[in-house]
Amino acid sequence: MTFKAAVLVFPGSNCDRDCKTAVETTVNGKVDMVWHEDTTLPSGLDLIVIPGGFSYGDYLRCGAMASLSPIMQAVKAEAERGMSVLGICNGFQILCEAGMLPGALLRNSALKYVCKPIELKIENRKTRFTNAYGNAQSVWMTQGNGDGNFFADEATLKDIEDNNQVVFRYAENPNGSMNDIAGLINKKGNVLGMMPHPDRAFEDALGSADGGPLFRSLVGALQSA
Amino acid sequence: MAQKALEYGLKADEYQVILNRLGREPNDVELGVYSVMWSEHCSYKSSRLHLRKFPVTGPRVICGPGENAGVIDIDDGQACIFKMESHNHPSFIEPYQGAATGVGGIMRDVFTMGARPIALLNALRFGEPDHPKTRRLVEGVVSGIGGYGNCVGVPTVAGETNFHAGYNGNILVNAMCVGLADADKIFYSAAPEPGLPVVYFGSKTGRDGIHGATMASVEFSEDSEEKRPTVQVGDPFAEKLLIEATLELMASGAVAAIQDMGAAGLTSSSVEMAGKGGLGITLNLDKVPQRETNMTAYEMMLSESQERMLAILKPGREEDGYRIFKKWGLDAAVIGETNTSGNIVLLHKGEVVCDLPLAPLSDDAPLYDRPWVEPHAEAPISHADVPAHDLNAALLKVISCPDEASKRWLWEQYDRHVMADTLSDSSTGHDAGMVRVHGTKKALAVTSDCTPRYVQANPYEGGKQAVAEAWRNLTAVGAEPIAITDNLNFGSPEKPETMGQIVRAIDGMAEACRELDFPVVSGNVSLYNETNGISIPPTPTVGAVGLLKDYDQRVGFNKVQPGQVIILIGE
Amino acid sequence: MKAKVHVYLKPGVLDVQGKAVEGALHDLGWGGVSNVRVGKLLEFDLDGADQEAARGELKAMCEKLLANTVIESYKVEVA
Amino acid sequence: MKAKVHVYLKPGVLDVQGKAVEGALHDLGWGGVSNVRVGKLLEFDLDGADQEAARGELKAMCEKLLANTVIESYKVEVA
């Protein structure tokens, strides 16, 4: 059975093709690109990817305008039905702005855009996004953003930790993110948001192939379901 | 008008040529058009004669200098389109916006020809690190370059950065863009036939960057602040939309000719498209999308607002255009038509505000053979004359030099990985950046090089050296060097000594290019880089592109193992 | 009508920009500056004449788009 | 003393944020919004009691750091 994914495209998305290539390369998946003004998603999907980039130029607040686009209504509805949703970088910001993940992403503490390879500790390997990581303690992916500093109020943060929602933590915090959070999942376990880019780490030639197991995890989860 | 011509930067004899040709005085708008077209920036009047020395052809050259960017063949029906351009002066005035709009401008030169930009480079020269202005300039320039390229989503993979007192009052910001296209789908600027619609699309036109000259003749009033010439502000988000819309419009088959609006956008784009096609063009300026109220024809024609394009569509394809522009949220309007008049005619508020024959704008364009003297050249240093040094002290001195210091702080602000095809970048220690040709085993290697101190010591040898270093950096990663672009940054060509530097550096570069079969396919000249009469060190930056047929064969330190033999090649 | 919307970080949210500005002002010799907060001020024209209704609309705009109430508060003004 | 500094783009300078916000508000149904400009509002505490002197200091801070006077203007307020 072919793995089917949709990659959303907003004005200013710039990792949309990267996400498509990553899904094609790692799990031989079939990928549809879905325009932000569409109101419906293709049928038979296994995954919705909200890609990185600068939707609406990052103006006002990163992800704010994209979170209000027509397609996000459909994504919310699908997520409620249990569909897997992966938001990377700007996609993570959009998920927070849309209220599909808790917290918000603030300016990096150094107030600068930072692009560098980064080591991530896998905190929860039981999710449908991480089950293929085996015993790997940490993985490398590159990160590139200006607003990756995760913030949540005390109660929310406690809630996140108590529910084991932190999926990836920075080995070395690059941006002031609370509790070193690099990626987190919703309570239901089907919506993952992360700042680092698995879509730029799917082949050794790119410096790391550690993003591969993330996509393979989803295929594995489907097969065992 | 003669006085105004001077204010607009035209020399008295240049103005006389205009009078003779027109047989009348030009009006304000016409004078503006002439002043732009005959500026150093657009006409290359001081350098054109010498640029002819560059070899510009070769088996892989599809299009050499003269278009928006150079085009080379990279096999399998694919082409690489690239160019380098300076934004020195604007970056000194407003470092963030100056550098950002420099990156935006060079990207437009590349996608205008049908290529998707896939890599960016930047060559930066700042003053001394402890000069009071340097810190702010470095901060601003670097975040401007990153802010623009990162947002558009094109990786910045390589560059160079020098510090020298000679740039204290005049920094250099040279940006290069490399793009990828199908070799049979390259777009050019010449209007192919009369009767075609001229479409403006992109951002609205404001009063950005209109040269201050007019303000001198405007009375000061309440709203004089509003009328002041303003710095161009870049909108990378608009640029991203413009790239997607332009490439989609091209793919739809609607485009007959296209040109981005660079410096003095509407003037140079419309004059060049009609002029190159041997046609005429009429524009109705009332139709131009405007950001501000009460703009004059002069202001519209000279505005340097960013992120704008001018396209000539095939007959009846306006609707295709509007559908695509609407999808990408861009302003657009049919603002005119091509015709056989041979003139550029501008209408504004029901009046003809400009009617100029196009041919003289290029035929009569000034071309100067500026007097020059053989520039000062240091005598070669013989090996035997170099006193013995304590090697440890020498090493310390070298590694503590700002030019050699790590540039991590700088390139960490650049997205080097977006597009997921980057094989090497500023962080990997390779001699050139490498990006894959998406979906193939091929890769492009890119580098930018110049050692101003060598050019200063001996312009001819320094020019040769810049080309040779670029060549070596490409071969060192396993790529076949194909062609170069260049950015000639010098002081005033009106000084014979500086002109001598220009001439001899070009001679040296041309010699190296011939020797290495390394043609020049595009370039840019930036003159008058001086403060208080002191010119910058001569800086002819070379940007080069090479091809790897199989990127698994690339070379780098990652293949170095203990026990391997070290070989020194060369003299 | 002229509308003004002031959007600012809630008191508990670390204002990294404000902190940086404060540090820079201290470095420049303005040691008497403290508690710097950097907010946004949006100004625009609004059709209509009913100020009360306008205030309602502005609040709706803030809730929907202009502010992220997880981290920000806002104030609106019409004139 | 409480200080307020409003930094905004000079008229005529393209406000890229304002343009994007205006577009988004229109898409959300607020078509009556126009001329959106986005500025910064800095608020902080300032030692001292002399309002006139404070205003002078604030202007100096703007010229030196808080505003980029090539493209921005500013207004200061103390209370």
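The letters A, B, C and D name the chains in turn, as written, and every chain counts its residues from 1.
The rule we apply is simple: a contact is a pair of C-beta atoms (placed from the backbone, for glycine too) under 8 Å apart; a residue touches a chain by one contact, two chains touch by 3 or more.
Computed from a prediction, not measured in an experiment: that's the story for all the values here.
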| item | value |
| --- | --- |
| Selected pair, greater C-beta contact count between B-D and A-D | B-D |
| Interchain centroid distance [CA atoms averaged], chain A/chain B, Å | 37 |
| Inter-chain centre distance, chain B versus chain C - centres from mean C-alpha coordinates, in Å | 39 |
| Whole-Å separation of chain centres (CA-atom averages), chain B against chain D | 34 |
| Multi-chain contact residues (two or more partners), chain B | 235, 237-238, 329 |
| In chain C, residues with contacts to at least two other chains | 64-66 |
| Residues of chain A touching at least two other chains | 56-57, 59-60, 65, 68 |
| Touching chain combinations (by label order) | A-B, A-C, A-D, B-D, C-D |
| Parts of chain D lying in touch with chain B, wherever the complex brings them together | 10-14, 16, 19-20, 23, 68, 70-71 |
| Residues of chain B that touch chain A when the two form their complex | 143, 146-147, 150-153, 235-238, 240-241, 328-329, 411-423, 427-428, 436, 438, 551-552 |
| Touching residues (chain side chain A, partner chain C) in the complex | 60-61, 64-65, 68, 96-97, 103-104, 106-109, 111, 149, 151-153, 176 |
| Contacting residues of chain A [partner chain D, same complex] | 56-57, 59-60, 65, 68 |
| In the complex with chain A, residue positions of chain D that touch it | 16-17, 20-21, 24, 27-28, 38 |
